[in-house]
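A quick write-up on the structure given underneath.
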Amino acid sequence: MARFSTLAEAVRENVHDGDVVAMEGFTHLIPFAAGHEVIRQGLKRLTLIRMTPDIIYDQMIGMGCADKLVFSWGGNPGVGSTHRIRDAVENAWPKALELEEHSHAAMANAYEAGAANLPFAVLRGYIGVDLPKVNPRIKSVTCPYTGEVLATVPALRPDVGIVHACRADRAGNVLIEGIVGCQKEVVLASKRVIVTVEEIVDDLGAASPNAVVLPSWTLGAVVAVPGGAFPAYAHGYYKRANSFYIAWDKISRERESFLAWMKENVLEKGPEAFAVHAGKRAAS
Amino acid sequence: MARFSTLAEAVRENVHDGDVVAMEGFTHLIPFAAGHEVIRQGLKRLTLIRMTPDIIYDQMIGMGCADKLVFSWGGNPGVGSTHRIRDAVENAWPKALELEEHSHAAMANAYEAGAANLPFAVLRGYIGVDLPKVNPRIKSVTCPYTGEVLATVPALRPDVGIVHACRADRAGNVLIEGIVGCQKEVVLASKRVIVTVEEIVDDLGAASPNAVVLPSWTLGAVVAVPGGAFPAYAHGYYKRANSFYIAWDKISRERESFLAWMKENVLEKGPEAFAVHAGKRAAS
Amino acid sequence: MNAYTQNEIMIIAAARALRNEDICFVGIGAPSAACNLARLTHAPDITLIYESGTIATRPDVLPLSIGDGDLCDTALTTVSVPEMFRYWLQGGRMSVGFLGGAQIDRYANLNTTVVGDYHKPKVRLPGGGGAPEIATNCGEIFIIMAMGKRAFVETLPFITSMGHGATGRERRSLGVKTKGPTKLITDLCVFEPDHETKEMTVASIHPGVTRGRIAENCGWAPAFAADMGETPAPTARELEVLRDIQARTKAAHARS
Amino acid sequence: MNAYTQNEIMIIAAARALRNEDICFVGIGAPSAACNLARLTHAPDITLIYESGTIATRPDVLPLSIGDGDLCDTALTTVSVPEMFRYWLQGGRMSVGFLGGAQIDRYANLNTTVVGDYHKPKVRLPGGGGAPEIATNCGEIFIIMAMGKRAFVETLPFITSMGHGATGRERRSLGVKTKGPTKLITDLCVFEPDHETKEMTVASIHPGVTRGRIAENCGWAPAFAADMGETPAPTARELEVLRDIQARTKAAHARS
């Protein structure tokens, strides 16, 4: 059953050094505020899972939170490299980063299998490519009917899943709308769940009986953090700050400018700093 | 790309003697009008697939359309037996009926695998039960990571999938709302698709960006048949005729009363006869 | 004391087994009546889930089928049937599965498939539906069935869903970690599995019912627990709520 | 004749390859520009699908990422990412997949993973994302890449997604039934696979470009088709629509 709490409490109670943590949101609804809290609490040795480790993991990895990254596409979308992740991989700064690399299809299927309580996922994929040569987790099964050999990946079952959503009602049920990504799967696949939301309302206002709603009892901590997806966006709340994504390229390119930005904007701030981005609603 | 047509044309062009046909709708949106058209066109030797072969298949099997039934629960929900299916199984009347029997979980997974273009589905199921002893299609695979043995079923890939939906727009895109069952999976798993709808409108009016919409190019024939799900129901249009389900028990119990009902209500009628049920909208 | 039928005390005793915090996968018929009675009495926050995909539904009348429109209209959300079976049932999200059945044995294995030989059945029953996977994927299983020698049988012709297995030891030997049937609620008494043997054993007798009457309506010699008690009689409130929803249901089904 | 850049003719030639009836899985960047240009010119009914789950989207400006809000706001419907990869891509629903890449070889295999050794990379690139499965599950593949010796290489350090394989025969030997790369559109010319060898062969040269210039910008000795033609120059309308959407895009990204 979901419990309302502060972001600091939610991270303190649910995330521990060495945990396997998945923070999802496919461009939309990326839990930036929660990522900043993980950095502020100085968590270490995390295995970070994310299909698209973009700025949020660039920040966390650049600040030394992670020992390992499980991913399928790492970059600043439409802009270029995630410089801090590259610095970790290529130069072990601030520390070495182990990679477990998949394709998007495999990651999506692995979350799906985790949500479905299966130990592995089967996909028609990884054909004729080199990734299976460098990732021993990619294996195969033979179809018992046709004899066809298909690729497999182990299910993802994170210790902690962290997502950002549109809103929660007062019982702690959560609505996600728009590009829903693999948030439902991450929530259902994870042992513990933190959800940050734009607002807490009396009525979810789900417009369709088939809207993506996560019942309270599938969640752990629910935290209102208006603007908490910035510079990503929240459908119906505020738009993606494409200009920030472009600006991040310069901020993150050098270690010094990165550390200065993190000090000023993360270490010396709190989740309430995100509220200013939610305030742009009228303009969007 | 969807083509608008009459129900008679749609069935004539898409359904052939001996085809494997799936008509789905989990209590909600059952394509009764299409089933009646299949009966009127005298189609034979069909393999009929349906999770819950209730009245619609009782009618088709009682009229001799099918050689085989693939299913997971056969009965008149909340009322009792499907007498015509029992008569076929127990007494080969009007002809013998081969059964391929699964659980709901297995059928749902088999449609899902069909939609996903996989040859088989894996499930944590069929444990400690007798069905695998009498259904040789139920097999197993071993997880390449944990060594766990899990059940498998072959993917369902019907020749023809037939569903009823709420409405289509003029481009042939179709909206399904409410209890969506496995309709999306059946449509995507089938080689040819017929969709009957309550109405054709200028704008689907999907209330959520994540509403269940089947794009025109995943469909074959789209046919407006108002009331076409009666005695099942259409979310937002008319309610389930529970009294008809109760009445069917008596109608179908004896061969004579069944045949008389079919003659009067199916053989001598057309799809336009369903419109009267759509007219109950205001009352629901 | 309030007058009541044996069917009424069965449903009321079944409802009492449910807890306010349960996430319950509801079978149609008597299980659905018991679950909704629990929701309308002592367990207002219970989450009821039907295999049609409706999650946290609060129907005003009892559904005739597993997918009546009222279930969707009053649900928190409705998911597809493949998702229901994959993420929610197989995902291990249900604390309780509530089943009925046509036949049961002393280890609470159920048959809803055939009487007689599978390939030449004497009676062809509806089949398993969701039950085979409900039986192993829910935290525990409650079963509701009226007693009678054709229903409570020494040997099942077909195991549609596993209770505690043919010898009571199969869940463990097959690696199934859920509890299986922990309560079998009948019109005469409530059975619970013996801690050691897993044989379903009479844990409480409904008021006025004798051991002999239970034995007469059971195809095996039923065991009675050493600490067996009496089922508390239905309260006026329980009977009122049950009769009220049944009346509403009957009126609604006649209308529609 | 209209003045245009080599980048503009690349995007315009790529757009022309698309048909009104295509169901196209769109990569971000140049593929997205080409696909939307096609939609705004000769292929108004083309269905564009992005891996973020947006189906039949009609963005007013080019998205910076694969999941900008505009994609969802203008889509027919938006599905989850697992569903997108399972039902829609793996389901074989896409007639064309449109990819870019960092490096390509003569058989149109692509590398977007690493330069140098995988475990001790010289340059760590973003990785495959959707490409490995796009390459085999779409009916055919169009690739758009500007030429240059660091991009068009004799031997790839890593095969991220399969074109026609290491020898041009791997699709068949691996049982892959889709066509693979049928067009490689560059800033200098358009390549198509040779019918026999599957080696990407220059099928048309952009106006004013010489064979020598193509060879200078290619890490292998490129083959030229016997019936090679000249790419038609961009029309005024094509240039206008392309520049218009790019200007709208730039303004929108600066604002937001």
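Lettered A, B, C and D in written order, each chain numbered from 1.
Please note the rule applied: a contact is a pair of C-beta atoms (placed from the backbone, for glycine too) under 8 Å apart; a residue touches a chain by one contact, two chains touch by 3 or more.
Note that the structure is a prediction, hence the values are computed from the model and not measured.
Participant: Decide which interface, A-D or B-D, involves more C-beta pairs in contact, and give its chain pair.
Facilitator: Higher contact count goes to A-D.
Participant: So the centre of each chain is just the mean of its C-alpha atoms; given that, what is the distance between subunit A and subunit C in Å?
Facilitator: 40
Participant: Roughly how many whole angstrom separate the Cα centroids of subunit B and subunit C?
Facilitator: Distance between chain centres: 28 Å.
Participant: Would you please write down the residue numbers of subunit D that are in contact with two or more other chains?
Facilitator: 72, 78-79, 86, 90, 137
Participant: Which positions in subunit B are in touch with at least two other chains?
Facilitator: Only 117-118, 123-124, 148, 178, 180, 184-185, 206, 209-212, 235 qualify.
Participant: What topology does the chain touch graph have (line, ring, star, complete, other)?
Facilitator: Contact pattern: none of line, ring, star or complete.
Participant: I'd like to see which chains touch which, written out pair by pair.
Facilitator: Chain-chain contacts present: A-B, A-C, A-D, B-C, B-D.
Participant: Which subunit C residues qualify as touching subunit B in the complex?
Facilitator: 28-29, 51-54, 63-69, 71-72, 78-82, 84-86, 89-90, 113, 118-119, 121-124, 126-133, 135-137, 158-162, 165, 170-171, 174-176, 252-256
Participant: Would you mind writing out the residues of subunit A in touch with subunit B in their complex?
Facilitator: 117-120, 122-124, 139-146, 148, 150, 152, 154, 177-178, 180, 206-212, 235
Participant: Any idea which subunit B residues touch subunit C in the complex?
Facilitator: Listed in rising order, the residues of subunit B that touch subunit C are 26-28, 51-52, 71-75, 77-79, 81, 85-86, 89-90, 101, 103-105, 108-109, 111-112, 123-131, 134, 148, 178-182, 184-185, 212, 233, 235, 239-243, 245-246.
Participant: In the complex, go through subunit B and note every residue touching subunit D.
Facilitator: Touching subunit D from subunit B are residues 1, 115-118, 173, 184-185, 188, 206, 209-213, 215, 217-218.
Participant: List the residues on subunit D that touch subunit B in their complex, please.
Facilitator: Where subunit D meets subunit B, its residues are 21, 23, 47, 55-56, 72-73, 75-79, 86-87, 90-93, 137.
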